[in-house]
Structure formats: structure tokens, C-alpha cells
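This structure is in C-alpha cells; I'll ask about it shortly.
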Amino acid sequence: MIQLSIVFHSGFGHTKVMAERVKAGAESVPGTQASLIPVEEIEAHWATLEASDAIVFGSPTYMGNVSAPFKAFMDASSKPWLEQKWKDKLAAGFTISGSPSGDKLNTLQSLMIYAMQHGMIWVGNAEMPYNEEGINRLGSFTGVMAQAGQVAPDVEPNAADRKSAERLGQRVAAATARWAKVS
Amino acid sequence: MIQLSIVFHSGFGHTKVMAERVKAGAESVPGTQASLIPVEEIEAHWATLEASDAIVFGSPTYMGNVSAPFKAFMDASSKPWLEQKWKDKLAAGFTISGSPSGDKLNTLQSLMIYAMQHGMIWVGNAEMPYNEEGINRLGSFTGVMAQAGQVAPDVEPNAADRKSAERLGQRVAAATARWAKVS
Amino acid sequence: MIQLSIVFHSGFGHTKVMAERVKAGAESVPGTQASLIPVEEIEAHWATLEASDAIVFGSPTYMGNVSAPFKAFMDASSKPWLEQKWKDKLAAGFTISGSPSGDKLNTLQSLMIYAMQHGMIWVGNAEMPYNEEGINRLGSFTGVMAQAGQVAPDVEPNAADRKSAERLGQRVAAATARWAKVS
Amino acid sequence: MIQLSIVFHSGFGHTKVMAERVKAGAESVPGTQASLIPVEEIEAHWATLEASDAIVFGSPTYMGNVSAPFKAFMDASSKPWLEQKWKDKLAAGFTISGSPSGDKLNTLQSLMIYAMQHGMIWVGNAEMPYNEEGINRLGSFTGVMAQAGQVAPDVEPNAADRKSAERLGQRVAAATARWAKVS
């Protein structure tokens, strides 16, 4: 059984929708069990992360970067970092903001650099844009980008962005299964 | 008289349209004279750059970064860099690609880092998105982002993106006039 | 009189030393008054920032990015951001971590993107490396990078890094004086 | 047999030394065959890349980014990109410049974003700094950073940086062997 964790912060529920879609996508891969971990509850879940085969990081983009609560989680992980407890686990990321671009790439790059400090292996978003369903419609490859305006989370992120999140979950779960075979 | 140069590479004409709009915007500021310099003709224009009060850099985003011809210009500028000939000039940037996001932020960051190595002062895109005209519709602040698909340059970049380029030209020209007053 | 503010977070005192050196450098420019604002005290100082001609941002690099307390300040500034209260102010940044490189560039880029969202003008570190005093010894241009190991703040940042911070303060203060002349 | 390719550009021989060390490190892993491909000879080697299980990218940092010849290779790879020929291959990167930091992170980020566009999986530099041999002495995790001044390539990169390159080669080769098991 592959264990995948999704650590996320959601200020108004939009990032949570994306996190749930990543989980659904991951669990569509047979043999995968995925857990949602809001950063507010992280203290109860460090062991879950240590036991995971892959960790997906999700944060809204606030002022061109991960949110402060998500950054607090990142800083709090210096203990597993020092002991390199997450080394060789797979990692991936997603983010959301109000604009199509909205400096979201800086958030994804920051997540990736963070995963690299932990010695993790980075799995990106390998969906080619310009497809009928609008998957990866914003054109992001380091991770999944989504967009939500000042509307309720059941309206945006839209169907295309939700599908993009599902595909990321699928991809990470499949990669984790492949990666885990050897150990 | 303020001298502003726009150095750009355009593979298929879309970036050229943006460069022309930056020029038009700059020249709408009284006392500004703006020059378009395609990187293919850079060897004839190093003195123009040295005499400029501000330089705006424009490149398409190819594979998540400035284009190779634009990078060749950047590397060729190591001579004025060594002598810090562009120090304290104002700088700005713009880019274009097929997707709304399309990793364009990495191109703008690379232009900004480049300008910083030259000791320049960076002027961003200060237009708030969510306006009626669609100015800065993609939500980019380090510089202007535009989008163009596989269509002719007279179709895309669209009116909103052209207007965004004009505003950047205006902003840089006005800032340069203010900055130059003292010297 | 030019007003310059230095907003910083310092976990163990090393960033504070850098902030003090930026202040000293700024105040060596006649007509400049500089204030140190620890992020812990930000609620008492929003008006100071609004009244400032320039703001210098300083954060340690934790896990390849600004620290969580500094990010909390960034997120809290969404109110002046919405009203674009800092538009056209000058901005600059500095950071410190344990390694020579240590992913510090991501922190500086994040500070710059943040300043761009606020519509500010970015002033970098224009000191050429390879000088006798070791100024800009790490080779950073977007802002000043310093290095401190697990030693007391009076030992590291070292003399070269302190001097680099002073030069940044001087440069920003001089640029602010020049920029302010017109208004 | 695992096939690993190292595509690199070397202006003055320093990056080539690093590329050779990556190759040596990779071939220290039983069952690995590694090829050095200078970007000048890329036209003869597209098939080699397509047949490789992993590709390591190496470029000097010029003006804060990959060199123009390396960028020309990146742009030329739009054909395998369109067909996603490198999808799910492993990728890694290294760079070198004159300063300890020297904006090298922007080069590594650009290589990573590029690999993500190709749908590759990114393997970073998982060596903790502060060890006796000076491995990863500059503190870089996205890839390996090395430093060389205006001296001959047999003097710099120094022993620590060469060792860092070997370790990257080892790590990528071992990860590739693990990843390939399933296919």
C-alpha cells in the first residue's frame, strides 16, 4: 500500500477543493491511500508525513509566495529536515490565486526548493495544455496552478482546474508506486 | 530629452508588437524619444544603449526562459557590464508565450536579475488587474506578460495586452523623467 | 528629509545586525532618517511605512525562503497593497543564511516580487565583487546576501557582509534623495 | 544497463570538468553507462538523449542564467518536447560561476523548469553541507553549484566541488536504476 499525504493551507476553501481533488486522483490509482493534512493540524501528523511515500504540498499564493501559515509549517519541518527523514520521498505541489498568472510560479519554485532541501524527488505536472478539457489551461509544469476569484469554492476553481489537480494526484501516485517497487 | 531603448527579440512578430506598444506608450510622455533595437542588430547599437536613460528588455518565453537569441545579447553585454556602463539606468521587461502563465515569471525574473547585475534600477508593472480594459489581465507585476497563440501578430497579443505594454512604456518614461531631473 | 524604513525579522540576532548596518549606511547620506521596524512590532508602525520614501526588507532565509514571521508581515500588508499606499516608493532587500549560497536568491526574488506587487521601484546591490574589502563577496545583485553560522551575531555576519549592508543602505538613501527631488 | 547522458556547455573548460565528474560518479554505480554530450555536438546526439534513462544538464552561469549556447540547445529541443519524448526520464542539473552565490540558483531553477516542461522527474543534490570534505559547501539543493575564478580548469573547480559533482552523478544513477526497475 502506497501512503501519500497532502499538506495544505486553505484560507477560504479554494485550496482545500484542490487538495481534495489531488486526493481523489491519487486514490484512483489502485493501492494508494491518501491523507489530507491541513497545516493547522500539523502537530498531530508529523508521524504520518514520516510514514508517507510521497508528500504533495499545496498553498494559496499570497503576495507572490506561499501563505504565512504554510510557511510556518515549512519552518516547523526543520526537525525532520535536520534528520533528513523525508529523503528520497516523492514530492509535488499546487497553488491557486486570483489571476491567471499572479506570480504563482514563485510559490511553486519555493515549494520545489523546499522539497530539494529535504532531499526529495520532484514530480511535476506533465499535462500538455491546449486540450479539450482545459487541463493545465494556465500552462504550468513545475506543479499545478489554479485560479479562483472572489467566489465560493464550489464555483471556482473550475472544472478544468479540478481535473488538473486530479491528474497531478494520479501522476504522483503512479510515480510513487513505480518508485517504491524496489525498496 | 529622455532617451529610452527597447531591446527585443521576436521570433514570429508577436514580441515586436509588444515592443512597438511599449515605444508608443513611452513616447506619449512629453520629452521622451524611444528606440526599438532588435537583438539581431545589436552590434550597431551598443552606443545607443550606453546613451540611453532607460532600457526595456523584451523576449518571448521559450522553454520557460528568455529565447536563445535574446540570451546571446545578454551574454554579449558582458563588456558594458564589466565597465558598469548601464549603472543607475532604469530597466523594465516584458514577455509573451502561448499560455496564460506558461512559466513567464521565470523570464521576467531572469531579466530582472540581469538588470541587477548591471546595477540598474527596476521598474515593474504597477497596474492593478481586474479593470474593465483587461490591463494586466494575467496578473504580473515584475514586468508585463502577454499571451499569443498560433495566430498572426495582428490578432494576438490582444487589445488588453497591447494596452498593458503601452502602460509599461508610459510608466518607465515617466519614472525616467523623474529620475533624470537630478543629474 | 528623507524617511527610510527597514522592516526585518531576526530569529537569533544575525539579521538584526544587518538591519542596523543598513540603517547606519542610510544615515551616512545627509538628510536621511532611518527607522528599524522588527516585524513583531509592525502593528504600531504601518503609518511609519506609509510615510516612508523607501522601505528595505530584511529576512533570514529559512528553508529556502523568507521566514514565517516575515511572511506574516507580508500577508498583513494586503491592506496598504489594496490601496497601493506604497506605490512608487523605493524598495530593496537583504537576507542571511548559514551557507554561502543557501538558496538565498529565492528569498531576494520573493522580496522583489512582493515589492513589485506593491508598485514599488527596486534598487539592487550594485557593488562589484572581487574587491579588497570583500564587499558583495558572495556575488549577489538583487539584494545583499550575508552568511552566518552557528555563532553569536557579534562574530558573524563578518566585516565584509556588514560593509555590504552599509553600502546597500547608502545606495538606497542616495537613490531615494534623487528620486524624491521631483515631487 | 542504465543509460545516462550529460548535456553541457563549457566556455573555458570549468563546466567540462564538472561534467566529467558527474560521469565518473554515475559510472561508479554498477550497470550505468554515461555519455558526455557538448551542446556544440548536439545534432549528432538527439537519438542518444531519446534513448537515455536520465539526462543531466550542465551550464555555466553567465549574467545570472544558462549560457546562450546552452539556451540554444534548450530551444532546439522543442521537437522532442512537442512529442514528449523525454517524459518520465530522470533529470538533474549543475552550474558554475565566479562567485560563491553569483545568481546560480536562477540557472538551476531554469534547468528545473525546463525539465518540468519535458515532463521529467527532478533529482536534486541531497548532500547536507558542513561536512569534512566540503561537499555541497555552497549550500545548494536544486542541483550542484560550483565556483571557479579566472584560473585554469585543473585548479578550479576545487576538490570539494568535484566531489559534489561525483555525488550528484552517483545519486542520479542510483535513482535511475531504482526508477527503471519497473519498466
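For reference, chains read A, B, C and D in written order, and residue numbers begin at 1 within each chain.
We take it that contacts are C-beta pairs under 8 Å (C-beta built on N, C-alpha and C of every residue); 3 or more make two chains touch, one makes a residue touch a chain.
None of these values were measured; they are calculated from a predicted model.
Novice: Which is the least count of steps on a path of touching chains running from subunit A to subunit C?
Specialist: The least step count works out to 1.
Novice: What's the overlap between the neighbours of subunit A and those of subunit B?
Specialist: Expected: C, D.
Novice: What is the distance, in whole Å, between the centres of subunit B and subunit C, each centre taken as the mean of its C-alpha atoms?
Specialist: 26
Novice: Measure off the straight-line distance from the CA centroid of subunit B to the CA centroid of subunit D, and report it in whole Å.
Specialist: Centre-to-centre distance between subunit B and subunit D: 31 Å.
Novice: What are the residues of subunit D that contact at least two other chains?
Specialist: 64, 103, 105-106, 109, 113, 116-117, 141-142
Novice: Given the complex with subunit D, which residues does subunit C contribute to the contact?
Specialist: Going through subunit C, the ones touching subunit D are 64, 97-106, 129-130, 137-142, 145.
Novice: Give every residue of subunit B touching subunit D within the complex, in rising order.
Specialist: The touching residues are 62-68, 71-72, 74-75, 77-78, 81, 103, 106, 109-110, 113-114, 116-117.
Novice: If you look only at subunit A, which of its residues touch subunit D in the complex?
Specialist: Touching subunit D from subunit A are residues 84, 87-88, 105, 109, 112-113, 115-117, 119-126, 128, 141-142, 175, 178-179, 181-183.
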